[in-house]
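Take a look at the structures listed below.
Two complexes are shown next, each including chain A; its partner changes from chain B in the first to chain C in the second.
And then the complex of A and B:
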């Protein structure tokens, strides 16, 4: 906070980095991701196993889809959580009054959710490989698909997470809003994972392009419109 | 006194405009009904069921038209902060959701006899379904009513983001289908279409557009009345604050 008080405010990038660091510190200390998100994702995967198992063949074929479903639902929860910590103790008002760019708040939040989700993806991936027998033909496009996909999910989630927190009496509003919007991430992510698992790298690359386009579009929109969501 | 007269005038013109649009829409609907049921011949391959197209295509057109209006209204609101733009966006979203649902149901009714299935994951169908879901989400945000100006801002952002998302959704679904070709569906064939059939289709599109305009005027008037009722209910206590809000 001393940086704000000193003459010459820090640039938007450093402001976003400060928000990112703050959110990650809260997560590390509160252990929400480890304590709630991870068990949630594990529960989902086990439930999927019951729904589609125990035949190995079906599980193996549906694994990329189940993996992304788990990531998608976790993204919804993580985005909501990112603003829950702000509304408690009136922290959001402090954030609004602070002389920082609203766009920096958005980017910082999105970055924090991205980091959390990436950590989660690693754990979920291990579970899916173990539980559903997913074999990974070419790891590089797989890593890229998750990195790009998670950024897109975090962008949409961080944009509307503030709505979710303020509309807490209407629990279903937030997932109802986010899930249809991220349809391209789900489709492209699952296809890329599927192709990467089969070792078809060049075909997976096409989907990575779509994920990248989605990320660029939604990060740009977020930077442009996030301020309007946060006016009071 | 002058203000009251002005208001009365404004109301009269809007009611008049409403009546004119309503009559035009009724006439156009009647004409399109005659054209599509009597004048246009039954389809050579599909038979009578093809006539559903004369209302399915206009309904789908209205879906996209209304959501484009939501997009414009949302930008208009964020730029000017005039409640009028928010009312336009909200009214158009409600009408759009209705016609999107109608287009999907009509498509399913047509698909069963012609394609042999109610639903197929065809890119256009899938995009339309996602469109319906996005704007159902928009309407659920509209129902959050604790703070009108905040609600208007949130809705405007959703109206913009949702519309920008549609081409990306469509692209992803097109690729998804092309790489994952399911059972081949019977297509409408080459777009060569008989003269009277085309006429019936265009008449349907024109009639539905007039219906849209008519419903918009109705919904906007209801919206104005809603806002006024809310304002008058509050006026003894917080008149100045509410004036600023609107």
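And then the complex of A and C:
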């Protein structure tokens, strides 16, 4: 990807910023996150809250896992939505045929999904603290866990979203491609959240390292191969 | 790393499109069979033929939206297989899909392309005005008819000013105003130095100097004046 702008042609990061701004504007107008993702996450958490009963200890132990389950499924839905807007009237082909850096499209879309999911995480976290009485022992590792985890989910979702678009059964194909791949994010995210909530910062750092490595790997893969995945 | 495609000099050639022995298979089904297409710079060529004749596929190959299964050639002097980005920097494929974002306004759609391509936004109003869409520039595309969408897509073409314009059934589903906008785009193309390849069942605009090629069964079968 070329980060340096050539005369008259914006650099890749400016192109990515244009895609990010476009996706967020569409999201704000469509209210997909507020209208679909948030009610979905809230329903999931409330349903599990009732299933586990009022026992404080059980709720505290299961809260990190439930929180990440809500984030994971919301990430799948948000990533699919990000590509639905591209295929409504052939816009994705327009991006393919435009003389722009295709890696910028990937980074812009991944950044937009990241912003959406971070907003969702804040809302879901408030719900979990209120419903399950999750204590926030060390806020900084907790924030880092969600930030790194969400970037990883958005990177994988944006990478495979474009692959799924070419499949006839895209609604079924997309989760099948994404869910196995993001298992490390789920495991590391749950463990880091659990340890951060318990105030065990140094132990949480190991899992944060795994999340960071996952992000670097999938962002790099996306930058390198996204253009090829868009092609015929 | 990606080279800035538009800043690679185009090889000096008078030929805009030179496809040689192009075949495209979808699975085992041939859509285009050993087609040779040569279009001079500044020329307008109309592709005609029944549905399934291979017109759209041939246009999409020239636009680099599809790769040929066999064969190759050059577009604007650049190799069809190895220099796709250089071709994309200079060519535009227009189809009945307008590639607009429905939740953005007409002006926002054009501004997005200006930001992506590094084009100054000062030409947006003039482009929308030329296609009669300036009054609804601030309205979301979702509420537009197909004809209005196509006129916004034409405004995008005007902003980009491509050297080669590939139009695939641009009249499909259009109202009279949108048809006029397409005709106007075609009529002005020669004086603006633009090469046009048009696939359509409709008559070409009156007075437009052009060459007609007939396709059938994936082959270019004959040329008519």
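Annotations
Basically, the second predicted complex is superposed on the first by the 216 of 232 C-alpha atoms of A that agree within 3 Å, B and C clash if a C-alpha of one lies under 4 Å from a C-alpha of the other, contacts with A are read in each partner's own complex, and residues count from 1 in each chain.
Everything that follows uses one rule, which is that contacts are C-beta pairs under 8 Å (C-beta built on N, C-alpha and C of every residue); 3 or more make two chains touch, one makes a residue touch a chain.
Nothing here was measured: the structure is a model prediction, and the numbers come from that model.
With both structures placed on the common chain, the touch criterion links A:137 to neither chain B nor chain C. By the touch criterion defined above, A:49 lies against neither chain B nor chain C after alignment on the C-alpha atoms of chain A. In the superposition on chain A, A:91 makes contact with chain C only, while chain B stays out of contact range.
Of the two partner chains placed by the overlay, only chain C lies in contact with A:25; chain B stays clear of it. Within the superposed three-chain model, A:100 lies in touch with chain C and out of touch with chain B [touch as defined at top].
When the two complexes are overlaid on their common chain A, residue A:213 makes contact with chain B while staying clear of chain C.
In the superposition on chain A, contact is made by A:14 with chain C only, not with chain B. Residues 231-232 of chain A touch chain B in one complex and chain C in the other. Of all residues in chain A, those touching chain B in their complex are 159-160, 163, 166-167, 170, 172-173, 176-177, 179-181, 183-184, 187-188, 191, 203, 206-207, 210, 213-214, 217-218, 221, 225, 228-229, 231-232. Within the complex formed with chain C, the chain A residues making contact are 1-2, 5-10, 12, 14-15, 18-19, 22, 25-26, 29-30, 85, 88-91, 93-94, 96-103, 227, 231-232. Chain B contributes residues 78, 130, 133-134, 136-138, 140-141, 143-144, 147, 150, 153-154, 156-158, 160-162, 164-165, 168-169, 171-173, 175-176, 179-180 to its touches with chain A in the complex. By the touch criterion given at the top, residues 1-7, 63-67, 85, 88-89, 92-93, 95, 97-104, 108, 112-113, 115-118, 140, 149 of chain C touch chain A in their complex.
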